[in-house]
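Heads up, the next two complexes both have chain A, just with different partners, chain B and then chain C.
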Partner chain A sequence: MHRRIAHVVTLATLILAVAVAPVAAQQDKPRSGGELVFVVPSQPPSYDAHQEETFGVIHPMAPHYGTLLRVDPFEKTGTKPVGDLAESWTISKDGLTYTFKLRKGVKFHDGAELTSKDAKASYDKIIFPPAGLKSSRKATYASVEAVEAPDPSTVRFRLKWPESSFLLNLASPWNWIYRAETLAKDIRWYEKNVNGTGPFTFVEHVKGSHWVGKKNANYWDKGKPYLDGYRALFISASAPQVAAIRGERAFIQFRGFSPPERDQLVNALGPKITVQQSGWDCVLMVAMHHDKKPFSDKRVRRALTLALDRYEGSKNLSRITIVRDVGGVQVPGTPYATPPAELEKLAGYGKDINAARAEAKKLLKEAGVPDGFAFTFKNRGIPHPYEPIGVWLIDQWRQIGLNVKQEFVEASAYHPMLKRGDFEVAMDFACGFIVEPDLDLFRFVSTSDANYGKHKDAVIDELYVKQARAADPEERKKILRQFEKRLLDEEAHIMYTLWWNRIIPHNSRVKGWTITPSHYLNNQLDTVWLSE
Partner chain B sequence: MWKYLLKRSLLMIPTLLGVAVVIFFLIRIIPGDVVELRMSGDTGSVSEEILKSERARFGLDKPVWQQFVTWIAGVARLDFGTSMWTGAPIWDEIKLRFALSMQVAVMATLIAVSLAIPLGVIAALKQDSWIDYAVRIFSIAGLATPSFWLGIVFILSLLIIFKWLPPMVYTPFWVDPWQNIQQLIWPALAVGYRYSAVATRMTRSAMLEVLREDYIRTARAKGLWQKLVLWRHALKNAMLPVMTVVGIEFAFLLGGLVVTEQVFNLNGLGLLFVQAVAHRDYTLIQALVMLVAGFTILVNFAMDVMYGWLDPRIRYR
Partner chain C sequence: MAMNPTVEHAAEIERPAPRSGVRSAIVDFCRRRTLGALGAAVIVLMLTVATFAEFLAPYDPVANNFGAMLSAPSRGHWLGTDSFGRDVLSRLIYGSRTALMVGFGASVLGATLGAILGVGGAYFAGKIDLVLQRIMDIFLSFPLIILALALVAILGNTIPNLIIAIMIPMIPRCALVIRSSALSIREMPYVDAARAAGFSHARIIMRHMLPNVMAPYLIMLTAFLGQAILLEASLSFLGLGVQEPLAAWGLMLRGAAVEFAETAPWLAIFPGLAISLAVFAFNLFGDSLRDALDPRLRTQ
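Then we have the complex of A and B:
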């Protein structure tokens, strides 16, 4: 009897599976139509991505533009460059010349055809901006000698020295291709206007409220985009952002939510919510001013990092705020990340916290720092994850006999404070747009503007250049490990806390979007579609 | 009367000028520089050359007194300049937000007045009865409840019970009245309740005072209808302090609903104010302060004129 019932159940399951299979397949097949409504927690100061640094520009406006290369929209580490406006490319044997062939038939939204002149003019604006015009990422193209347009479909970059990150850096989501003719007439035109080659055309921007784009019928990638349009809602506070997703007024917010907010959405919406999570190329660090005693002494700096129980901190802090991974100088899980076995050898990353703290106390004693030594830790006045990380740090430092007072600096006054060097120990942070050692580690070079601790270290400078020019990835990894050991262990110039954790709970109808470790990537929306 | 109106109108000029001087210099005392903030971005790295050129573009390289003269000359022509953060004309930044904030203020005032006057009058007439106690509890609860908290309760109740959320984007009333009302009725209710509590208590106490006056006793002794005594003699006189409260609250609502605007994601003047201060957007802050100051002065002026209509004993000189 039981066997008979089992057979009936199996048969019914099979019939159901056969019946459901085409529906499921249909569900996975991109479907055209619909408007994607998403939340943007920041706002664009101007419309020119070459100048700006906030995702408030990228999220609503990236769908209007094309870039020479982009990162593969389906690859989770966000480190694989693929062609966007460039169809193919070649690299000379000496690594000094990169030649790109542009796609044919690509048109700007005003109807003009894309040529290599447009790519050259855009990159000239980024790399060699005219006097008085800001270009935020100019420094990352220091190796470029010239950008050339030998014929209408070819763009050539000539470098002064080979650079292993160059190709990936050309996939920067900020390097929108503008019209050469427009730039020639008014180099600031794109600060207030939109005209790109992207999958969506501009409809309207209501300041402080929303941004609307509609499908570009002349997009070069036929069949795309799938959406009829999109609407970006500017919502700064986190509670209304969560409410917007929960009330199904918006499908997604591309930056990220905290763990409690994720849980709230999952509990409220159940299967209507899909959660994508990833490591995040953002990290809070502790800058120690090398000109101020006792932080000029590397033993003291080392003691401060040895005091941190990062593994226990990760367990607890990841429940309440947007941090998770313990890692070295690269996002864990990405190509140049530190293997766990090597990580444990660095100061402050060992699994025996008692031994580490005993060593920290010994170092402080050797450096002449008395028990109960007091200093002020300046933190940025932003709740997540600055406040919980600040509280955690103070608690950890107390365990080695330090008495730390936390001072919150208003967000607007924070960077000027760091730049002035008006601190003993302060929270520093970095958020990259692509996980790439050249881009992430330049800040630690002695001459960098973002070297707030003001260390001068010729070894670090030399190792940075060496890794940047290493053609072989394995060789580059070795140099990076030396760089990391010098930066975080031997000299302890700076200390990393925990890498951020990117959590995107989105409406399950949103398909074709893959999370990466950067909230600046994957926002062209050409691959995104809405299921029934 | 006309002489008085002219005198009061002219008096607005030195008041606004005083506000202009205070805000212009005060905002420059706060640490932080709009150009450095705007240009430094998240990395904090920007060359001195760029900073200099941007400061020159906004005229910030000139002496402060010269900047003030240029700005005040623009204000006199109703030209507030451009936002130092976005580069857009100030009026473009303000106009939509002004319309939204003004509508919320008007709706909240209508809700408050339509609740406060009947409740205050009934409570006064039925003093120390259960009705009076009920009204007093209702109004004290209103005073004790922050509008933003009530707003959160509204949002959560709508989400949890009705699985519905008000629209997130402001649609002007003349474009789609239903959409507009669906969005703004909730903040107007949240704000209007607290506002009505203040006005209810004021109406009640003013009515109690007026009802004990000799002229009310005389009117009753003459055998006038109770309704006539209330409407023509008592309420009209009791309205003077109520109008003052309503006027002050109305002027406050224009730029003071920062947290409530955040809760409901309203693109209003309060949020714009906070963003402008965070960005040290001097021109925008100055324009917003002048706008709110001008509006407050106008409301006060209107209230003063209304006093004469409500109480004929008041004479304008």
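Then we have the complex of A and C:
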């Protein structure tokens, strides 16, 4: 009897599997058509990605452009470069010459054909900008001696020294390829206009409202994009963003939502929502101004980092905001991240918080900082994760006898405030597009524009160069650990709080999009499609 | 004979002791204006709570306690805890201090400056009055919250700046009302007499005109108090007022209160109730005070 039942069940399962298989396959097969509506929580200050630093530019505008290389849109770690406008490439044995072959038949939206002159002109603008023209990532290409275009389909980069991160750096989502002829006429043309080789052409931009793009019928990757078009809605406050997804007026927001917002959406929409989560190459740090007393004293800086119970903070703050991991100078879980055992040896990372706080109090006393010492902590006026982390930091410092007042500075005025050095202690932040020490740690070099605490440390500078030129990954790891110990422990130039946690709850109809540890990646939308 | 003085003495004892002016006014007010008295009682309660916050609050309002985060109201935390495990009741108690400090500061300064400008304009009349009134018109053309928002954005969001930002929009509103009362006082014979006697403008304004506009001044003051508390809460809710981790009612309504509205409704309910109750109390008291002080509205 039991055997008969078992046979029937097996047969029924088989029949069901045969019947359902084509449906499932059909659901996984990209479907053409539809408009992807998504929310952008920021606005583009200009249309030129070479000089901008906000995702408010990348999210609505990346679909209009192509880059030489890109990060594999289906790879979750976001660290594998693949060709975009470059079809193939070679690296010379000495690591000083990178040669790229461009795809044939790639056209700009105005109909002009892409040649190596366009790639050279774009990279010249990024690496060697004319005086008065801003290029935000120029410093990360210090190793480049020249960009050449020996023939219409070849681009060559000659380096001054070998740099292990160079190839990944060319997959930067910011390095859009512009038309050489246009740049020659007016190098600022792209600040207010759009003309790329990307999968979508520009339709309209209504400031403060929306951005619209439509399918590029001449896109080089035949069959793509799948979408007929897209519409980016600019919504800065988080409650209306959630409402837009919840009310199915938008499908997705590519930056991320907080855990309670995710839960709201999941509870409201159930299977209509798919949640993708990942570590995030973003971290909040605390900059302490080295020219302002008592923060010029490394004992005080060390005391501030010793006061933080990062493990307890991680456990609890991850329930209310977009932070999660305790880590050193690299995203936890990535190749150059600090192993937990080594991390615990750094100031403020030990598991005995009482001992750490006792040491912090002792250091403050030695430095002549009285109990109840008051200072102002400046924070960026953005809810997540800045506000909760600010409240947490103040509570942690209160426990070593410090009386800290928080002052929020409006987001657009925050960077200028940091650059002016108009603070004693302030929230610093960094978000990278690829987890790579060269790109992530350049900010700590004494001469860097992003060294807001204004430390001057020849040892840090030397260690940075040494790790960048180390060919052996194990050797590089060792140097990075020395760099980290110097930065976070011995000198306590800066303190890391918690690494972010990227949570994307999106409408389940959105397919072909994979989360990565960066909200700057995977925004070309060529692989994205909408299911029925 | 011996009995008479004793009887007379007893009669004296039974006669109610004469009330002082203030006390009798308070008793009369409570008897005739029950709602106003109720409002006053809430205000007194708020003042008491704000003054003795250190003794009344069961917990430190800024201390994080992740072990108790988002706890529902219970014996340990009567009004629950927020997303940092901070006790909502303690934050409400300390928040009353912020609300009253900003409320009283802004409304007293706003109403006083408005009264001075209103009386000054009415007394001097002519070009001075014309210029003052046009300036007031400019300020009045902006909605209260918009003007306060702009001022906070310019000045920065410290408590003294918040008081200034809320006070400035109140000045023209008070000046307008006081001026209309002062215009009729200016025509009074005693003002003419003071002028004829050669008194200085300052003396006439301070001694003879300002005391006679005290009734509208007090009414405006109480009306502004409720508005100022509401405005402070609105600015804090918008992130332009008092900053975390300080306790303020409007601040308690933003952030986690919105995000956890479905799972932890106490985060929004209690601060919301506190704001409503405070504004309601000040409005009730203000209305009753107006009825009591305005002879046209006095009812017997």
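Note that in this section the second predicted complex is superposed on the first by the 515 of 532 C-alpha atoms of A that agree within 3 Å, B and C clash if a C-alpha of one lies under 4 Å from a C-alpha of the other, contacts with A are read in each partner's own complex, and residues count from 1 in each chain.
To be clear about the criterion, a residue touches a chain if its C-beta (ideal position, glycine included) is under 8 Å from a C-beta of that chain, and two chains touch if they have at least 3 such contacts.
Note that the structure is predicted; figures quoted are calculated from it, not measured.
Colleague: Touch test for A:258: chain B only (first), chain C only (second), both, or neither?
Modeller: Second partner only.
Colleague: Determine, under the contact definition given at the top, whether A:191 touches first (chain B), second (chain C), both, or neither.
Modeller: A:191 sits against chain B, while chain C stays out of touch.
Colleague: Determine, under the contact definition given at the top, whether A:52 touches first (chain B), second (chain C), both, or neither.
Modeller: It touches chain B, and chain C stays clear.
Colleague: Applying the document's definition of touch, where does A:411 land relative to chain B and chain C: first, second, both, or neither?
Modeller: first
Colleague: Look at A:132 in the shared chain and tell me whether it touches chain B only, chain C only, both, or neither; answer first, second, both or neither.
Modeller: First partner only, chain B.
Colleague: Which chain makes contact with more of the residues of chain A, chain B or else chain C?
Modeller: B
Colleague: Using the touch definition from the top, say if A:104 reaches chain B (first), chain C (second), both or neither.
Modeller: In the superposition, A:104 contacts neither chain B nor chain C.
Colleague: Figure out whether A:246 sits in contact with chain B (first) or chain C (second), or with both, or with neither.
Modeller: first
Colleague: Quick one: is A:160 in contact with chain B, with chain C, with both, or with neither? Answer first, second, both or neither.
Modeller: Neither chain B nor chain C is touched by A:160.
Colleague: For chain A, which residues belong to both interfaces, chain B and chain C?
Modeller: 239, 410.
Colleague: In the complex of these two chains, what residues of chain B are touching chain A?
Modeller: Against chain A, chain B makes touches at 31-33, 36-46, 49-50, 53-54, 85-88, 92-93, 96-97, 152, 155, 158-159, 163-165, 167-170, 262-265, 267, 271-272, 275, 278-280.
Colleague: Could you pull out which chain A residues touch chain B in their complex?
Modeller: By the definition above, chain A touches chain B via 44-46, 52-54, 131-134, 136, 139, 191-192, 206-210, 231, 233-237, 239-240, 243-244, 246-250, 268, 410-413, 415-416, 418-419, 431, 443, 448-450, 452.
Colleague: Under the stated contact criterion, what part of chain C meets chain A in this complex?
Modeller: By the definition above, chain C touches chain A via 62-64, 66, 69, 83-84, 153, 156-157, 239, 243-245, 255-256, 258-260, 262-263.
Colleague: Give the list of chain A residues in touch with chain C in this complex.
Modeller: These residues of chain A touch chain C: 238-239, 258, 260-261, 263-264, 267, 312, 315-316, 319-320, 381, 383, 387-388, 390-392, 394-395, 398, 405-408, 410.
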